[in-house]
Each structure stands twice: as structure tokens, then as C-alpha cells.
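I'd like to ask some things about the structure below.
Think of it as A, B, C, D, E and F in the order they're written, each chain with its own count starting at 1.
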Amino acid sequence: MSDKTALIVSAHSADFVWRCGGAIALHASKGYDVTVVCLSYGERGESAKLWKQEGMTLDKVKTARRKEAEAAASALRVHDIRFFDLGDYPLVLDREAKYRLVDVIRAVQPRFMMSHSKYDPYNTDHMYATEVALECRMIAQAWGHNPGEKVLGAPQLYLFEPHQTEQMGWKPDVFLDITPVWDRKRAAIECMEGQQHLWDYYTNVAQNRGNHFRRNSGGQAGGRDCRYAEGFQSVFPRTVDEL
Amino acid sequence: MSDKTALIVSAHSADFVWRCGGAIALHASKGYDVTVVCLSYGERGESAKLWKQEGMTLDKVKTARRKEAEAAASALRVHDIRFFDLGDYPLVLDREAKYRLVDVIRAVQPRFMMSHSKYDPYNTDHMYATEVALECRMIAQAWGHNPGEKVLGAPQLYLFEPHQTEQMGWKPDVFLDITPVWDRKRAAIECMEGQQHLWDYYTNVAQNRGNHFRRNSGGQAGGRDCRYAEGFQSVFPRTVDEL
Amino acid sequence: MSDKTALIVSAHSADFVWRCGGAIALHASKGYDVTVVCLSYGERGESAKLWKQEGMTLDKVKTARRKEAEAAASALRVHDIRFFDLGDYPLVLDREAKYRLVDVIRAVQPRFMMSHSKYDPYNTDHMYATEVALECRMIAQAWGHNPGEKVLGAPQLYLFEPHQTEQMGWKPDVFLDITPVWDRKRAAIECMEGQQHLWDYYTNVAQNRGNHFRRNSGGQAGGRDCRYAEGFQSVFPRTVDEL
Amino acid sequence: MSDKTALIVSAHSADFVWRCGGAIALHASKGYDVTVVCLSYGERGESAKLWKQEGMTLDKVKTARRKEAEAAASALRVHDIRFFDLGDYPLVLDREAKYRLVDVIRAVQPRFMMSHSKYDPYNTDHMYATEVALECRMIAQAWGHNPGEKVLGAPQLYLFEPHQTEQMGWKPDVFLDITPVWDRKRAAIECMEGQQHLWDYYTNVAQNRGNHFRRNSGGQAGGRDCRYAEGFQSVFPRTVDEL
Amino acid sequence: MSDKTALIVSAHSADFVWRCGGAIALHASKGYDVTVVCLSYGERGESAKLWKQEGMTLDKVKTARRKEAEAAASALRVHDIRFFDLGDYPLVLDREAKYRLVDVIRAVQPRFMMSHSKYDPYNTDHMYATEVALECRMIAQAWGHNPGEKVLGAPQLYLFEPHQTEQMGWKPDVFLDITPVWDRKRAAIECMEGQQHLWDYYTNVAQNRGNHFRRNSGGQAGGRDCRYAEGFQSVFPRTVDEL
Amino acid sequence: MSDKTALIVSAHSADFVWRCGGAIALHASKGYDVTVVCLSYGERGESAKLWKQEGMTLDKVKTARRKEAEAAASALRVHDIRFFDLGDYPLVLDREAKYRLVDVIRAVQPRFMMSHSKYDPYNTDHMYATEVALECRMIAQAWGHNPGEKVLGAPQLYLFEPHQTEQMGWKPDVFLDITPVWDRKRAAIECMEGQQHLWDYYTNVAQNRGNHFRRNSGGQAGGRDCRYAEGFQSVFPRTVDEL
């Protein structure tokens, strides 16, 4: 495995596409091995279109959602995608499931991690996934957890963009230019056949975040002609040698 | 002037030493031209020791404070230090004084700016300086202010560390390793003869921020052996090509 | 059942009386079917007066609390009151209990829901009830939860007034004029024989909220002569055709 | 004048178009007389494209900006637009200018007012305009200010959507369906020839706010097919007879 | 003057009665010399009842307000009340007025100060008074302001209870038992003939704060039988020898 | 047992030393019986140095950590230290463990309690311990929990100082002068052989908090010559007879 790695913790199987598909594709293009963990398929709560079909079952929904997610991951050049299949609405991780996530974190040794916003009154699975990401990051750092394994350092945890950012109290502190990989993100988005109503929504988001990128990189005085961007909120401070 | 530039807006003449002396010295060592604007000498509010001397006058205090600040600036390799001499406790900038600051901003074209915390119930001059820094940054960006001059881009405004951080609601999101220039910062600190009670205080701060740097760069699993650091809070989001 | 419905999720059996008795009675008078779910009787934590009696047992406390709650519900014209009897101090809902609440939500299809403040350091049952209300609202919206049932739309969740509002970070954004039904609320309050020390307290609250209603509807320039009101904090944005 | 009235306080002459053009057109279509006060033309800070033209002067910029604003106001069916011409970057209102705004408020007797977000580190004129709106609303309520005039009641102050909502700490609590008047808003937007880079930006915003409207009015279970919306944050609580 | 002193900074002449009349009377009874500074009479904004009388003039209103305030001060055993007569709605202090307040602060050398909440969208005079109180406290501490005078130490600034606490973001961290002096506070309240609609309102507040006092001093397990209380929010941390 | 008592709830066995060792020693010297509950030994997550030794086992780590904690407790004159041995990273309390903590709370009847900050993204055990402390405080107050036992009153819960205070959103509202017992705290700190890198860190903290004590007790105008202090954040309001 490359020493450039990243880990995405996605509550439901489509979240990583809308919220950080550009970051995945961009870092993949820079040589990162990006691993995605889908804690659930979003089979109960985020598959309305499938459930409206005749004769639908939980297994069929899961299968369809997995296929979509795999296709999207492929479009984004994801290195590895893991489906924990823990169930959604509500998502719950017992101790064993948490340790399973810790195992992935330690195996990947990510330079950075990503998960959901800290707060989400519409979707408690989302904020729960972030709580779990923080908890498992902590366990992965513990020398006494599975002693002998390589412990985790101190990777940043980026919170990716939720739906209705203001209601979630989410505030981006970094914008990433995803113009070079926009086509891949759009292709991944179009794999999400069950949620077609969101294709244009997240295209709008990417364009408008591009505007924010331009505002913050040079404004009217110039700066990068970024056309598509993604925003992230950092949980931890950065450590640098130059501002 | 170098195209690597920075601008510090300091309410009183000693603030830049305690709060970002390391950042100044470090960036100077990397080829930055760092300009410091002291809006006042802190002659009324931050010169208790001088005022306790027999026969002290406002002019004598200002002269002493200016000498200390110049000596400190020299120790830190400041490129240019400007004394606006606007008076303190309270500090007030009329329109003309603001335009004077805008002129400096445009002349310097800083890659980044620095000023005080957003809130400070102990010292309203401090938060006022930051309000002014934001206002003047905005004016410097306006194409219609002194048309024909080169307008400002979108430099970051870093808020440097206030005294009693928690009371000010200040939260650092970046730590800068100042180990290579610590000697210079300590030398600059020792120029502040009137505030000797703060020498060890800010040495403690730098050491403990070094601990925070280590925690956030690798923690118990390793990372840089940073011994002295400074923390800063960013007002604006960053724009990046890689996380 | 009427298509005008509301659902109150009350951690303990008396909360709905103090905190939204007026809203219940008012909406009942407007043709709403209001359902109240009491997750516990508050038998351990909110029945001090009963426990001070000789020979008291848990069952006797529950019975007494239930009687009081039923009498109050009757005074308020509650359509349906359900006692989940899940225990208090601490209140805990396992998955089965949550599904039971989801069943009620789906059966009622409320136009709006009500529960406690988001934060309460004095009474962790209260904030837990709100967490559960949000979680169960989400599950009730999931097409894959008990497929075939009518899923929930997007009803508002109002947080009713806690004791010591400022300590709970609760901020009302809507005041409801309950003057027409004040007599019913006072009658319901007087059913709470075990908590007589709160009768006048909540009468004071209602009067002072009436003052707030007047301030916000016209102030010194006129406006409704509201004498009693209740305040609520909305979790979700409203959707309107006219401001 | 109709008794259905509204008042918009816009720091610069284009703000009312991007931020609440839909609300204006919609309420105009419902019989409201909507008055817009442009405190400045945004002639220095928001007219970069004009200033890049050869031979531009402050007067020419103001004239061009005024024409654009008048055209947009006409497209939106604004009842009355007032240009206070107070200068921008920075915008400052002395006591006389404030009283002038109070006069307008009292003359209009608005059912609701609108202004900018409470915080805006990019544009201090914006947050200043809101401070002034609150101050003048208070003065307009004072019986001792120009005694004998009709005093103001307690109209809501809605904060319209800023650029980069999350950086401003702006959180909408109400979404307004502007689908019926979207054509008018788009027409007004296209009057802003100097800021063409924002046309699609704010179209994206309107579409995505339409999505938020649908989410909050019925979600996947149905609800209004709103295609364009605007969001607003209320400063004051509402007073109602039914939730 | 006693070495037990306190200073109240009241934006309008009645504020000190409603908001800290109990604290004044209680400390007076303990030997404190309490000084009250009324920055204005509230003659324009808080005298609606007077202005509704035939033939009213600004001078008559001021005279009436002053009489009421003096009577209330007397009922509360205020040591000294100063009327700065600076005008209200809006209240503005120029440099000279601020220095006048600094002079009072230095003369009084208060053990603690009191003023309004930090935020008040209904009444910008209130939050402005607190800004000024902090600024003048700072100036009073400056050795270089009127050198030779006794400088101020570091007295607490308590923010007294605003109307509609939740809208102001005011959170009390200390409750004071005013039961022993309640009669005096009620007597002072009844001096405010122009605002009779608030007499019962603030009696309700005092009773309910008494309930909060009991909750926080012993709760159901006992504690002081406090019947009336006032709440305050501290701006600065306390320094103690025992918790 | 003395009627002067305090209870510390420490997530891991060393936390009480760094964070409130001074408060413990000081109150012990004033006749308080201070009880410390260590919910875990911190054996997995806070014992890196031990785990780096050859042949280390979980039991050996626990034993070493217990010895260190006992030695530190002895240096601080702790009255009673209890090791719940519940495991760390993650720490979890089931109902039985919570009741065990309730039993201790009721037995001690503390005048005040102490635990961790409300938020800690680095260490979820810490914030969990505080949640549990609040929940168990509530249960201990319930008349129906183990009826017949003496119920708890309303003791303050102080949150002691976390590592990286600003990241935790921790804000001290009280500083305690620990100069008289600093030697004991330093001795206790030196018992923590496994975490030697923190000895000087927390000495720096104590010195700088001493500076904050001086600033807030008299500032440049005088005040106590406190050299070492600790800071705490109160969860609940205080109830007093004099400000």
C-alpha cells in the first residue's frame, strides 16, 4: 500500500459520492490509496425510489445499493471499498463493529479521515457515524489496544458537506479545487440511479463551492479559475512550518 | 519588495512580540518581508511600570515604548515597522487613519495578515483593532477606492493568541513550529523591559503550544519534536489542491 | 382520526402539562387530535412528595402518577394518552421501545411533534427524550422500515419550555396565545397534586410569556391583549407562501 | 398606501436583487407595497467590472449602478426605491442619516423588514447595515422620537441570504416558495450587468433552496413541488394562534 | 466612603430598578455604598405612557423620569445616583462622556459593577451601555489615564437580567437571595408609575428566580427557603481560596 | 466522615492529578474529605510508555497505573480512592456501573463534584465521563432510587482543565489559588512516571493560571501574589447571599 492514504467513513453507501467524491478522485489521481467504509447500505432510509417498486425486499435493496456504490467507487478510483452492512435508521455499532473499524483504520494508516457533520437533526445516523469515527480514531491510537500492532498517529478528521449545511451547524474551513476530476465525480453521481433528484443539486453545490474557492483565493483581484470545489470542516488544528 | 510579504496589525506596540514574534522571525528567515503596524504605543494602558516612575510624561512613555518595540522588531528581523501613534485606552481610528492603514495594506500586498482575537472583554482596543483590520482589508479590495492602485487579493487574516484565550473565545486552528527561531523570539521578549512579568509567561505558552504541535502532528506515535510553537485562528477558509 | 393531529413526547408523565398544556388544549379546541406519549411515569425522579409518604412502593407511585396524568389529559382534551412505562432516572429506550414509538408516530401522522430541550444538565432524561424523538422521526420517514406502511412526512419538532430555560440553552422562536384555554391548563396543573410547588411557578411563566407575546406582536404600539402564552423552539425551518 | 407593506434595507444597490428578489416579487404579487432603501450604490466596492473600464469616474459608476437597480426594482414590481447615497466601503450612517431611515420606516409601517446577516467578515458594510436596521427600528418605536408621529409596532426583521452562508453564521429558519415569480427574479438578476458572474450562482442557490423547501415541507413522502425558493433568518420570535 | 462599594451602569433611568433593585437593596443593607449611573432618562424610548398625555414635552418627561428614579433609589437605599442625561434611542457616549464615567468608576472604586446583557436586538442602547462599561472599566485601569489618580483593580462586571432573557443570549451563573429586601424592591418598582404593566411581570420574575435559587442550593433535598431572587451573568472569572 | 466532602470522577487513573490535584490538596488541607473515583486505569490508552516495555501485559499495566495513582493520591491527601476498573478506550458504564457510582455519590454527599470537559474530540472517554457524572448526579437526587437512602442535594459540578482547552470549548469561570499546596501537587505529578513528558507541561499551566488569578483578582493595581492556580468551569449557577 502507498504511504499516501485516506479513509472515508460513510454512514450510508451513497454518502461518499455526494459529499467527498471529488476529494477521493483528486487524491486518487495524486497517488493516494483511498479506502471507503460504508457502515450501512442506507437500505431502509435512503432508498425510497427502490422501495416504491413492486416486490422489493431488503436483500434486493441492499444488492442494488451495493452495485451503485461499487460503480461509483470505481468511477472515483477508490482503492478499496468495504461494506460493513450494519443496518441503518438507526445505525448502531456494537463493540465488535467498532473494533472492526479500528482494524481498518490501523491497516490503512490514513493521512486524513473523513466523515459527516457533528450535528444533523434530520438524520441521526450521520452524526452517529462521526461520533464513532472519533471514538475509533482514539482506540486506534491506544498502545494497549491489540498491543504489537502499529498504532495510529494523529490524522485530521475532515467533516464533509451535509445536506442543508446551515441546519447542521457545519462550517467549511477548507475548499478543495476538484475541477480536474469533476467528470469523474459527475460520473459517480450518475451511478446513483435511485437518487436522481440529487444529481443537479450536487452539481449546483460543486459550482457554487467553486465560486467560494475563487473568492477565498484571490477574489476580484484574480486567483485560480476553479470551476468546481468541495468544502470540508476540520476537527483538529493543523501543524505547519509556514503559514 | 519581495513577493513574499506579511502584515501584522498590532493594537499596542508590544502585542506583536508576545503574540506572533515567532511567526514573524520564522517567515523572515524564509525570505518574507514582514511589516508591523503598531496602531498605538500602548502608552496609557500597557505601561504601568513606566508610569510608576517619578516624573514620567506621556512623551517619555511613548519614546520608551517605541525604543523597546524597535529593538524587538530588529531582533525578529521585521522588514518595516510603522507607528501610527493613534492613542490607546481607547484606541480610535477615524476615516483618515483607516485610509492610512489601507495604504499600507495595498503597498505591502500581504500574503497573510495578523491581528487580535475577535472578542476581549478585558481590552476593548484589541477587538477593535481586529474590526478595523477586517474593514480595511475590505476597503483595500475595493476597485473604487483610489482607482488605479493595485487592489488587494484575499489574504488570510490570522488572529494571534490573546491573553486568557478561553475568556476571549479564541480557538487556534493552526500551530506553527517556531523552534528554529525561538532564540530570536526570546530576545525580542527581553526587549520588553516594562513587562518583565510576562517573559516567563509567554515562554510557558510557547513550550505548551509545542506540546500541542506534537499532539496534532503525530501524538504518541511520533511526529516532529517541536519544542516551541505559536497558535493562530484563521478567519477565512483556505483554498487548496491537496488536503 | 382527524387529519389535524399532533404528538407530544413527554419523558415523564407530568411534563406535558407544565410545558405544553396550553398548546394541547388550544389545538384540541381547534379540532386537533392530540396524542401524548409518556415514556415513563417519572416515578423515581419526579415524585419526591409521594416517596415521603409512609409505605410507598414503586407500583403505588406509578398508579398515582398515572391517575394524575390521565386527569390532566382529560382536562386538556387530549385525544389519546399512552404510557410506555419505560422507567426513569435514567430513561432508556431499546430498539423495541423505539419501534413502538415509531409505530405511534406513523399511526398519528402528526402535523407537528413536541418534546424537550436539546440540553439539560439537571435532567438527562429530558434531553435523551428529544434525541429519541428525532431518531424515531427519522425512522418513521424510512420507506424500508415496515415497508407498506404510510411513511411520515416532515413535521416540525417543537421543543417546549424547560425549567430554567437559560441553563438549557433553550430559545423560543414562537409564542402561542393560550389565553382562551388558560382555565383548562390551570385545571390540568392542579391535577398534579404531588408537585404543588410548581402551580404558581408555571402560572407566572404563562403570564410572563403573555407579556412576551404582546412585545413581539405589537409592543407599545398595540397588538393583541394576550394574557397567557407558551413559547416553543423549532428544530426545523418552516416552509411558507407568505412571510 | 396598502396596509400590506414591507421594507428592505440594502447596504449596496444590488443586494436586494440577489438576496430577496423573490420575496419582493412574490409579496408584490400578493398586493404588498414593497419599499427598498439602498444605503449606498456599492459604487466603490461592488463595481469592479465598471472600474476596469477606461475613463470611469465615481459619478458614472453611481449612475450605472442606479440604473441597474431601478431596472431590477421594476422587474420585481418594487413599490418604491430610495437611494440614500451614503457611500460604501465603508458605509457610515451619522445621526441624520439614521433619522432619515427612521422616517422611511415610520412612513412605510412595514409588516416585516429585511436586511443582511448579523456577521460578515468579508464585508463589514453588510453587518453594519443590520446593526443600523435594528437601531432604527428601535428609534421608530420610541414615542418620544418626533412625538405625534405614528410609532412603529413590532415587525419581524428577516436576515436575507449572504454569500457564503456558513462563514457568516447565518441559519435560515424559513423557506419561501418563489416558483411563481422566478421569472421576475431572473429578469431582475439579468439587470445586474456588472456582476454577470453571479447570475448562475444565484440561480443555483434558488434551485437548491427549492430542494430544501421540499425536504422541510414533506420530504420523500410528498409535499409541494417547489422549484425555486429563498431562505431567511428571523431575528424575533413569531406570535401565533396556531402552530 | 465605605470600602464596600458597587457601581450600577443603567442605560435608562428605570433599568436599575427592575433588573438589580434587589441586589442594590441587599448590599446596601450589608453596608455597601451603591452608586447608580443613569446614562439617560429613557425619555424618548421608555416613556410611552407619559408621551400619551396631552402637552407633554421632553423636559417634562425627563423631570418625571428623574423623580421616579430618585424615589426608587431612595427606596433601595442607593448611596448616590447620577444622571448623565446623554439622551436615548439612541444612546451615544462621546469621549468626554466616557471619561466622565471613568471618573465615577475611579471615585467609587467598586468591588463589583453591573450593566446590561451583551446582546439585545430589541434595544440597542442596552448592549451599547455594556460595551461602554467594559471600555470605561479598561480606561479606569490604565496607569496613563490621568496619571496620579488611583487606578481601578479588577472588579467583576455582572450583567443583570434583560427582558426576554433567551432572545438576548443571557445566562445567569449566580442567583442572589433577595428575600430580606423584597419589600424594598417592590416599593421601588411601584415608584415607576409610567410602567405599571411591568410591576407584576418583575414580581413573577423574582418569585421564579427564587425557585431557581432553591433548585440550585439544595433542590428537593432541602436548601434555603428563598422566596425572591435575582440572577446575574458574570463576565469575568472569579478568584477564590475555596470552591 | 466530615461534612466537608468532595468527589472527583476521573475517566482514567491519572486525570485527577494533572487536572485538579491542587484543588484536592488544598481542600484536604482545609479539612475536606476528598474521594476520587477512577473509572478506569487508562491502561490501554494512556500508558504508551509502559506498553513500549518488553513483555508487558494488561494486568501489569493496570497494576503499575494503580500504584502510581495511589502514590499520587497519598501525596495529595486524598481521603479515599476507588478504582472501578471498567476499561478504557472506550470507557463504558452499564446500568450496574452507574448505580455503583450513584452509591458512592450518596455515601459521600459531596459539597461539590468534579469531572472532565463537556467536549473532547481527542478523547471520547473524557466527555463520556462527564455525561455519566451528570446522569448519576441526577439519579442520586431521585427519591425513588433506593428509597430510604439519603438523597443528594444539588452540588456544583466543576469541569476541570482538559488538555488543549480551546479545542474542547472549555472556559474557566473560577480560578483557585493553589500556591500553598503546590509542592504536594508537584509531588503527585512526579508519581506519574509513565507520563514524564507532562510534568513540565502542567507546571507551566499552573504558573500561567497563577497569572490569570492575579489578573482577575486585582490586575496591575495589586491583588494576591498567587504563583500557582487551577481553573474550573461550573456547570450550574451559584446561589449566594452577597456578590
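Observations on the model:
Methods note: a residue touches a chain if its C-beta (ideal position, glycine included) is under 8 Å from a C-beta of that chain, and two chains touch if they have at least 3 such contacts.
Predicted, not measured: the structure shown is a model, and the values here were computed from it.
Where touching is counted per the definition, the chains common to subunit D and subunit F are A, B, C, E.
Under the contact definition, subunit B and subunit E share the contacting chains D, F. After Cα superposition, the angle needed to carry subunit A onto subunit F is 120 degrees, rounded to a multiple of 5. If you match contact pairs by residue number, over half of those in D-E turn up again in just one of C-D, B-E or B-F, and that pair is B-E.
Subunit C and subunit F, compared by their mean Cα positions, are separated by 37 Å. The set of subunit F residues that touch two or more partner chains comprises 48, 122, 141, 143, 167, 172, 212, 215, 220, 231, 236-237.
Contact between chains, as defined at the top, is found for A-B, A-C, A-D, A-F, B-D, B-E, B-F, C-D, C-E, C-F, D-E, E-F. For subunit A in complex with subunit F, the touching residues are 95, 98, 131, 134-135, 138-139, 141-145, 147, 157, 235-237. Looking at the complex, you find that subunit D touches subunit B at residues 43-45, 47-48, 51-52, 56, 58, 61, 88-90, 92, 121-125, 167. For subunit C in complex with subunit D, the residues that touch the partner chain are 6, 23, 26-27, 30, 112, 141, 143, 151-154, 156, 158, 172-177, 212-213, 215-224, 226, 229, 231-232, 234, 236-243. Contact residues on subunit E toward subunit C in their complex (touch as defined above): 48, 122, 163-167, 169-172, 197, 200-201, 204-205, 207-208, 211-212, 215, 220, 231.
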